[in-house]
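Below you'll find a set of structures to go through.
One chain, subunit A, links the two complexes that follow: it is found with subunit B in the first and with subunit C in the second.
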Partner chain A sequence: MEISFIAIPLASAFVVAMIANLDERIQDCIACLAALATLTLSLFAITVLSGAGSSGAIVYKVGGWVPPFGVSIVIDGLAAFMLVTVNLIALAALFYSTGYMKKYTDKWKFYALFLLLLAGINGVLVSGDVFNLYIFMEIAAIAAYALVAFGTTAEELEASFKYAVMGTVASCFIFLGIAFLYGYSSTLNMADMASVLASKGPSGALLLASVLFLMGFGLKAALAPFHAWLAYAHSSAPAPVSAMLSGVVIKVLGMYAIARIFFNVFGITPVISFMILTLAVLSMIVGSMLAFVQSDIKRMLAYSTVSQIGYVALGLGVGTPLAIFGALFHLFNHSLFKSLLFLNSGSIERVAGTRDMGKIAGILDKAPLTAYTGLVGALSICGVPPLGGFWSKFIIILACIQAGRPILALTAVVVSILTLAYYFKSYTPVLFGNVTTSKQIKAKSLFTMNAPMVALTVLVALAAFILIPVVGNVFMDGAVASLVRGISYTDVVFEALK
Partner chain B sequence: MISYMLCLVLFSVGLYCILRKRNVIKIIIGIGIMEYAANLFFVLLGYRTHGRSPIYAIDQEIKSMVDPLTQSVVLTGIVLGLSVTLLLVAIAIRIYERYGTFDITKITKLKG
Partner chain C sequence: MNNIDPLLMLIVVPIAAGFLCLGITDRLRAVPKVVAFAITLASFAASLFVFMHKPSLSQYGSSVILLADNLSAFIALAVTFFALLITVYSFSYIDKSFGRYFGYLLMTLGSSIGVLFANDLVIMLVFWGMLAALLYLMVAMDGTPKAAAAAKKAIIIIGGTDAIMIFGIGIIWALTGTFAMDKVHLQLAGAFSYAAYFSLVIASFAKAGAMPFHSWLPDVAEDGPASVTAYLPASVDKLLGIYLLARISLDLFVANHITNAVLIIVGAVTIVLAVVIALIQHDLKRLLGYHAVSQVGYMVLGIGTGNPTGIAGGLFHMLNHAIYKSCLFLSAGSVEKKALTQDLDNLGGLAKYMPITFISFLVASLSISGIPPFNGFVSKWMIYQGIIESSASKDYLWVVWLVAAMFGSALTIASFMKLLHAVFLGRPSENLKNVREASFSMILPICVLAAACFIFGILAFKIALPLFIMPATALSPSYLGTWNPTLATSIMAVGVLIGLLVYAVMAPKRLRTVESFIGGEDARALPRISGADFYNTIKEIPLLKGIYAREEKGAMDVYNLGRKPVYALADFLKFLHNGVLPTYLVWCLLGMVGMFLFLFLR
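Here is the complex of A and B:
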């Protein structure tokens, strides 16, 4: 089961490429079924891990080699939680693209690249080996560069080139970091590395590797000084790709990798958490300021992502169990509503024929379903009470106060108000403005585009139910526990091996 | 020690090339140099003076051997670097078709 998270999307990518000449509907079916299969498997994994008698991790020895000599696949609470999020968004985006991608030629190439991206992300999540993590990260990144350039218009190529250069520089830093770590600990297995580093104690090489990792993964996560590429890449790509990039890719390649390496391998220290907090506060402020002045709807959403990823980093930086719960809950919520909003922007573009918010008005009259789903997503990201976005921000702010950091809490409140302001400023005329004659309806929205948006809207509306203990215990507790336990990660992995 | 320092110099040359050069192709070459430097550093970590390949035979006693793991890691790293370079060159060709120039300061249709 463990290896199929990588094998199913990878095999499906090859199958889709092989049947390129057959009917498009067969390719649609294969791509969606692959995502559905991995989603089912990840739900199964999370129930196994939360069940009684579970040791907290599922470990698979690739090729029968015992770690630390062989490569191992480790699914613990955090990985299972992220797998559910990733595959859920992937399924929604793939279903959406069955209709949306009709305007491009060679749809099979899109599916092959998308499934390769999914295989890469799942690989990052399940790998228990730091070099394996790097390989899958590169697979996901290369697929993402190609997907951004998919339409091959001038803007898309420019965005893709800039994204690829930044991404490769980040990968080089991460590779150097791995080199220093290997030179210091003589192992690549994360569980083994954690125990070796704990026995050796702090050193300069470790600090250097930490800084290299923070730079590399910070670039991939688009934290504030490294955020420049994000607005290009996320706003130029086709809508389902933007939804995947903004909703999932930067979180897995950036935040998940930071959380895994700094919490479970290095053990979090005050210096590292201070660095993470600085990046977090910078991203929150810079992202929301830049989002304020955008006129392109997708650029606004992209800068909003920079600001919201800051909340996740803030929660991880504060590092108390409540803050980590808030960070992971916000990560889940943000995946849902940001992918919803990006899919929504694709529908708005299709209906209105432009992405410039100054030229779009009155979507509510033309396409009510698009307008209402967009409204729910926007309300949730602004933090309007009954929706999930409110609760996750509230928990993060509460955790900051509880940890004795009122200034961070104040920043989070202010940025939350700013978020409300810029969504109010830009979304209200788009949805409710008066329709003039020049802004004619261009095309009807399709069922395949509406269905995933409605499904995501329902999930956004229901996300607050995670706070109910019965649901939360299954879904979130394992993930929070695997970060809170820190470098005892190694004990859990070796316990599961027995 | 001197070889590690030279790795750092090579890495810096690559980074300088990416940051300062205006030609798209030169930026891609810079990425290549940076990847070579990282790979060279990693493979040097496993090198031992007068080391030999870690293949055991019954009647042999091995005093010093090189680390095979770094070599396999670097082999994978080279393949990843190759695929990134290939994709970048493919994008660069398409960029030239669209913009008619390789100058990165003139490839600015995206604003903000």
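Here is the complex of A and C:
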């Protein structure tokens, strides 16, 4: 089961490429079924992990080699939680693509690349050693570069180029960091590395690797000041790809990797926390400020992602169990509503023929479903109760106060006000208002596009149910426990091996 | 829970019904109307039941989730009362999107009750936040760009202060370890408790429309539908904002002289500044909007006095204000609907065509101006008493506050003189000749509210105060002066009668009517005198000139004040993002170098 998170999308990518000449609908089916299969598997994994008698992790020895000698696949609570999020969004985005991607030629190339991306991020999540994590990260990144350029207009190619150059710089530094770590600890398996590092104590090499990782993964997570590529990449890609990139890719390649390495391998220290918090506050402020002055819907959403990922980093940086819960909950919520908003922007673009918010109005009259789902997404990201975004922000603010950091709480409050202001300044007028002649409305929206939007809207509206213990125990507690236990990660993994 | 829980039902049923109404198209317009009427009527009956059987509570496990005490049950009764009247009024006032309108109205009702009965700060916060979104949706429904702009401003200010409220609630939780409101009774000591108190005060100010968080209110009043303005900013938002202020000042925190001083100053400044600005407005509904701000000042001032008389006066004024202000807004809505304009320059002489609306408007105007025997007088009088009483507690500036409150009241009369003249008296302009009284469903709520102004005035000490206000404060006020409204009203009535008698006896019996000589010109072509410019001269008074200039520039508006630094920083950052890849790479390297330096040099 464990390997199929990578194998299913990878195999489907090849199959889609091989049947490129067959009917499009077969390709649609294969792509959606692949995502459905991995989603089902991830739901299965999370129930197994939360079940009684679980050791807290599922470990698979590839080729039967025992770590640290062989490659291992580790699914603990955090990985399982992320897998559910990733595959849920992937399924929604793929289903949406079946209709949306008709405007491009060579749909099979899109599916092949998309499934490759999915294989890559699933691979990052289940990797038990840091080198495989890097390999899968590169697979996902290269697929993402290609997907951003999918439309092959000048704007998209430029965006892809910027993304590729900056992403590669980040990868280089990450690779350098891994090299330092390997030289120092003589192992690549994360569980093993955690115990080696704990026995060797702090050193300069570790600090060097910390900075390299923070920069590299920080860039992948679009934390300021490493965020500049995101506005180009996320706004130029086709809508479902933007949804995937903004919704999950930056979180897996960036935040998940930071959390895994700093919490579970290095062990979080106040110095690292301080640096994460600094990056978080910078991102929150810079992202929301820049979102104020955008006129392109997707560009505004992209900058808003920078600011929201700052909330996740803020929660991780504060580091108390409540803050970690808030951060992961916000990560989940943000995946839902940001991919909803990006899918929505695709529908708006299709209906209105432009992405310039100054030129669109009255979506409500022409495409009520698009308008209402967009409104719910916007209200959620603004933190309007009772939607998901409210609860996660609320918990993060509570956690900051509880941890005795009122200044951080105030920052979160101020950025929340800014978020509300820029969404209501530029985004919601697109939905309401009267259509004037200069603000033309063109086409109707499609069922295949509406269905995933409605599904995501329902999830956004019901996200608060995660706070109910019955649901939360299954879904969140394992993930929070994975981070709270810190470097005893190694014990859990070796326990699961027995 | 074996039997039906009325508190829970009062919250859930309107929200669920409202949600279902959203999807109903205009072809089935009768459905949302009937549903809204039935639900608001039932809610009114249910809240009356709750009011009779208080305190009632819903307990789940060991914690009390919902709690109706004297204060919240009384306000819930008022909220459902206004919801019912507004629903009736909206039958013919609203002419499109019935499903959405009545849906939002019902959801607002349920959420408001939720705020009132919540005994858990988080639950209260949830409903409080929902109200902001619903206000946005109701105001923006109109679809005009101006309404959208007003709605945007409203949600940014109110929603923004909701975020501040989260901060305050977080601190309360950190200090006391509980969200249960009946268990929180914080002493104000130390920066954290003050931060928590003032975070909640800011939220209540924004909702009620006290300065400096008021600026959304005149905009919404001007451009939103009149029924929405009468429902939310004029009545329900006021009730909830002052409810929160009273709740935190009386129950959650132990108010001290510092917090009271802040409330008194904000109250006094709000009263005077808002009414001064109201004087020169040219738009009927915007003028009323500024008065809605000014009157909040009395409530805040009353609660700020910190003595039973003042607090009772503040709460009573809250109720009275909701009554007369929604009466005024609904009348203004009728005028706007029939005359097709709300610009004072184009209105006039409508008393002849809309007599019932005129009388109701007159009653409400006298009431808001604090003229006996109407209800506004009684509550203002109690607030004055409260201010005088606060002189006992070392508040040496009490004369200033008293003068501010009385001066504000005088200016209110002045501005309503202008309004009454401009809308109802004088010579009507040509295009108003065909204006008729609005339909019955619009007149009825207006008349009910005008009658309430009268009844709550003359029977203040028999009905309103002992039934609603005094139990809510759980304090016994003492009066330095005495006011017997029934006796006073009789004396006034006798006075008016004698005056009429004198007029009948003494008035000249024979009148001769001649046409005035105007050089052969057509008399009707003479310019008519509109009341709109009555107070234009005061714009030139040095001090006031500055105030008006600043107000027009938005200098007293947190919204505008906040915009400048945000845009300055945003433009600077935009300038930095010049699209050149090497620049971005340099930032990355600089960021990394910064981290290295921090780590190795620290």
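To be clear about the criterion, the second predicted complex is superposed on the first by the 497 of 498 C-alpha atoms of A that agree within 3 Å, B and C clash if a C-alpha of one lies under 4 Å from a C-alpha of the other, contacts with A are read in each partner's own complex, and residues count from 1 in each chain.
FYI, a residue touches a chain if its C-beta (ideal position, glycine included) is under 8 Å from a C-beta of that chain, and two chains touch if they have at least 3 such contacts.
Here the structure is a predicted model, which means the values were calculated and not measured.
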TODO: Go through the superposed model and pick first if A:V169 touches only subunit B, second if only subunit C, both, or neither.
DONE: both
TODO: Return first, second, both or neither, reflecting whether A:S203 touches subunit B, subunit C, both chains, or no partner chain.
DONE: neither
Open item on the list: Once chain A of both complexes is superposed, is A:A409 in touch with subunit B (first), subunit C (second), both, or neither?
Closed with: second
- [ ] Considering only touches as defined above, state whether A:W229 meets subunit B (first), subunit C (second), both or neither.
- [x] second
Open item on the list: With both complexes superposed on chain A, which partner does A:V286 reach: first (subunit B), second (subunit C), both or neither?
Closed with: second
- [ ] Report for A:F394: first if it touches subunit B alone, second if subunit C alone, otherwise both or neither.
- [x] second
TODO: For A:T40, select first, second, both or neither according to whether it touches subunit B, subunit C, the two together, or no partner.
DONE: neither
- [ ] In the overlay, answer first, second, both or neither for which of subunit B and subunit C A:N473 touches.
- [x] neither
TODO: In the overlay, work out which of subunit B or subunit C sits against more residues of subunit A.
DONE: C
- [ ] State whether A:S160 touches subunit B only (first), subunit C only (second), both chains, or neither.
- [x] first
- [ ] Would you tell me the residues on subunit A in contact with subunit B in one complex that are also in contact with subunit C in the other?
- [x] 161, 165, 169, 231, 290
- [ ] In the complex, go through subunit A and note every residue touching subunit C.
- [x] 161-162, 165-166, 169-170, 173, 207, 210-212, 214-215, 218-219, 225-226, 228-229, 231, 271, 275, 286, 289-290, 292-293, 362, 379, 382-386, 390, 393-394, 397-398, 400-402, 406, 409-410, 413-414, 416-418, 420-421, 424-425, 428-429, 432-434
Open item on the list: Using the touch definition from the top, list the residues of subunit C that touch subunit A in their complex.
Closed with: 122, 125-130, 132-133, 136, 140, 143-145, 148, 152, 155-156, 159-160, 162-164, 166-167, 170-171, 173-174, 192, 195, 566-567, 569-571, 573-574, 577, 581, 583-585, 587-588, 590-592, 595-596, 598-600, 602
Task: Interface residues, subunit A side, partner subunit B - complex - done: 131, 135, 138, 142, 145-146, 149, 152-155, 157-161, 164-165, 168-169, 171-172, 175-176, 178-179, 182-183, 188, 231-232, 235-236, 290, 294, 296, 299
Open item on the list: Under the definition above, what is the set of subunit B residues touching subunit A in their complex?
Closed with: 11, 14-15, 18, 24, 27, 31, 34-35, 38-39, 41-42, 45, 69-70, 73, 76-77, 80, 83-84, 87-88, 91-92, 94-95, 98-99, 107-110, 112
